[in-house]
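Below you'll find a set of structures to go through.
In what follows, chain A forms one complex with chain B and a second complex with chain C.
And then the complex of A and B:
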């Protein structure tokens, strides 16, 4: 299982995407801290943008990892990424303002352990396994932290486990109506896990092109932002959530339309209500 | 006693919802060639068999339905937290989850087909337009019934999990039931009608799926009709029984002993294993080319 197949050669080198993804998602997550600084909620949408950047990087990592003949393993790679990531993100969130940095470190450790297990114990012997799983765990953690920050306006643990409920005119703090207590973290987990594996899973094949796959990754990221923005109406102010929703919808419309254009460019033919075009040498 | 009777009523209602969910789920995934049948639909153009079948591989069905149902439940939960009536909240949540499902379906078809350009497989836009909407409609039924079932478990049976988490668990179970029960009807038999019944898929026949219908060319709506007849109801019974027995054993036997439901669960699994084995042996004896080696070669 360690024969490397070149998929979609060319394009932006992976290390460049790695650096942009890591720095970009870190900076964007820290921009949500402006909420705490200015005591508002309007900057929550930066969390979603951090998730989009992280997903772009994660998609390229999955492409590298899965070029070692892991066809059906593409969705599994997304699951392990977010599975490692959600643990790291929840642990990191307890460390206050240092949360994103601690999250990255913890995710790297979890990813390394998972990678070493896969190579040494399960004996998959894939050269890039350890590095890829470290990257995927960080991507998963940043996605969870970013989308959770988008839903409740902060990446700090206390904000994720307290929600407000209005009862007979009194506002009370409860655990049940929070991001973690209400189970919204499970929705974020699945949104991230499907969004990270979908771009490469959907575009794999001999005609895979990096720009099309990455455009789909951005589209999946913005698409995941839309439900999180709607859920955030339950946690943050209506105007802040509305800003997040509008940004998600604009980003999604743009990337979706670009993705369709790129698919049109790469497709063999773009037909509407036409019969099967049998190949000339006769397949059937 | 009244509590148990009420619990059994809720259990029956949840089982009925689950049956509808399973049937809709399998029909949806078969129209999209998701899960079991997908590898052959994906392979066919590479072997020279250009087809007009929808190919929307979002992920395996369990993770995909884990997302759709968890998303529907999460949005419904958020709407309920905003003081919206639960029924309206579940409808709105399911509708938004179906929107996400539809977008994923279109990008999957476009991506997979565009990457097969080398083999001359064109993108048929009419497939995208007509079949995505049909899968979305079926997905709505599956998501709505499953989220409604999860809401019943919480509000009527007092399940301690929050709605989105319960949605995730039952969504994965729903996808697994449809994937394991209904898909082989389409993936192993209908795609290979030209092969001998029960012969499996020999390597020489890989990718040689049925591409022409009774009249004209087969598309995935034909597979929808087929799935609604066999695979869908089978998946529905499967998922309905899973939900029914899961709740029934807890509702009825928890009062007697805390270990009661666990013991009953093990007994139910054993009974079903015996029934399944009996049906399998009976079917092998009566159908298919592999009863004995001599018959297999004839």
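And then the complex of A and C:
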């Protein structure tokens, strides 16, 4: 029933990326818990790095799934990933220190249901469907949880719904100036969705190379980190947010430059076009 | 729609497998039971509302004329983008309409959602035809039927050779508006059900007033409504596999499969959305 389409061969095996992605994002997201432990906010940027690692894994999963030809385009896989992921991430966030682990379990359940429905009821009959949608839901959930933790410095639900405003020297507790109450969660949702659906969509084709696709995924991840770092100025201390912003910008510049290098490597020819110069005098 | 080709289009509709049906029934019953256990009767009503909303979304997606990449080149009828994108556009427009109208009562909010989604699709479909006809110079002709079921216009003499039809015939326009309205209605229904649950639970949990907690409740309900909208729209898109012309397309007959899948996916995602606040403060 399914037609296998061409993607680049070779590279790191998918299962290896799966393990690195899962363990890496889990460890990085737990590093933001150092904020609670040391009562600071300087470790918030680890949430963004967790999202980048998850996005790398998710891009390879999308490549794996879409090589069967879904007929609906690559972006739909990113949409269902973040759709299942945001439900799991916010549910998981209510469990305090266990948030990342609970998030993974809940995301796996929602992804499995969506995958089983796609295969057994809608009859896609794609062998990797169930596993891929489980992976994608976990990726989406870790991305949302990571970026939300980066914005407010914690992955706990009460931290996400409460914020403080200083008015005439008085500090008040409000629900408006928070990641969820301010609607920032919707921005994070879309930033994650764009970052996950773009890389393979841009790189697919006969000359697709894994390292180039994954470099683009990292670039998209860092690019999504930049707005979240700017948003985080509203919720965490200025120095902590500045550290996050600097790390995102450095990461983005490095991955973007590397991606251009890899694109030049894989291109048949490369022309560094110069602007057309006006003749010095007289002219033709 | 990807230009890479999809699964082979087989004749007829493959029915859902027996395992799929049994699993669907078990999951829906389990979700309803869990909802009763967690939030009593209000939870059951909310889950039923979410399931109905999800089913409306999945059904509505089948009406929307999706052309994909071939439509961008004028080689197939419909709007030149993927199912998930179009459905997300219509659904979000509907959701904004419905959320704006939420304070005016349940029925007005639902109508607002339907009008919002339908209006977005009406504008999109009209502008698509303006670009096709006046910009690209191609007439509207369906490739799947010879005669428009509503206007009676004939198509074969306008259809270019080697294409599956082009442009957006009137029946597809009507399908787009109906699909947008159903999608907006479904998305708004999910939003309203979740909003009710959160507005009842959050003030008790955090010891505040409903007004203080409103931003959190609205934001949570909104983002979950978007999430469930996208899950259902993508499952419906998988059911369509690529392009569809509207309600007259033979692929439209596949919709019962998407309805089952959407009902189950909504029930499972909905139970987590409803049970969200049960664990706050436990750990």
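Throughout what follows, the second predicted complex is superposed on the first by the 267 of 284 C-alpha atoms of A that agree within 3 Å, B and C clash if a C-alpha of one lies under 4 Å from a C-alpha of the other, contacts with A are read in each partner's own complex, and residues count from 1 in each chain.
Simple rule for what comes next: a residue touches a chain if its C-beta (ideal position, glycine included) is under 8 Å from a C-beta of that chain, and two chains touch if they have at least 3 such contacts.
None of these values were measured; they are calculated from a predicted model.
Contact with chain B, but none with chain C, is seen for A:270 once the two complexes are overlaid on the shared chain. Look at A:234: by the touch rule set out above, it reaches chain B but stays clear of chain C. By the touch criterion defined above, A:207 lies against chain B but remains apart from chain C after alignment on the C-alpha atoms of chain A. Of the two partner chains, chain C is the only one touched by A:110; chain B is not.
After overlaying the two complexes on the shared chain, residue contacts for A:27 are found with neither chain B nor chain C. Residue contacts after overlaying the shared chain place A:186 against chain B and chain C alike.
Judged by the touch definition given at the top, the superposed model places A:75 against both chain B and chain C. When the two structures are aligned on the shared chain, A:176 is found in touch with chain B and with chain C.
In the superposition on chain A, A:128 makes contact with neither chain B nor chain C. Residues 75, 79, 176, 181-183, 186, 189, 204 of chain A lie in contact with chain B in one complex and with chain C in the other. Per the touch definition, chain B reaches chain A in the complex via residues 42, 47-52, 57-60, 63-64, 66-67, 70-71, 73-75, 77-79, 81-82, 96-97, 100, 103-104, 107-108, 110-126, 161-168, 208, 211, 217. Those residues of chain A that touch chain C in the complex are listed here as 1-3, 5, 66, 68-77, 79-80, 82-84, 86-88, 90-91, 94-98, 106, 109-110, 113-114, 116-126, 157-158, 161, 174-176, 178, 180-183, 185-186, 189, 204. Within the complex, the chain A residues that touch chain B are 75, 78-79, 163, 165, 176-177, 181-184, 186-187, 189-191, 193-194, 197-199, 201-208, 212-213, 216, 219-220, 223, 226-227, 230-231, 233-234, 256, 259-260, 262-264, 266-279, 281-284.
Of all residues in chain C, only 1-2, 4-8, 10, 14-17, 19-21, 23-24, 27, 68, 82-85, 88, 208, 212-213, 215-216, 219-220, 222-224, 226-231, 233-235, 237-242, 257-258, 260-261, 264-265, 268-269, 272-273, 275-283 touch chain A in the complex they form.
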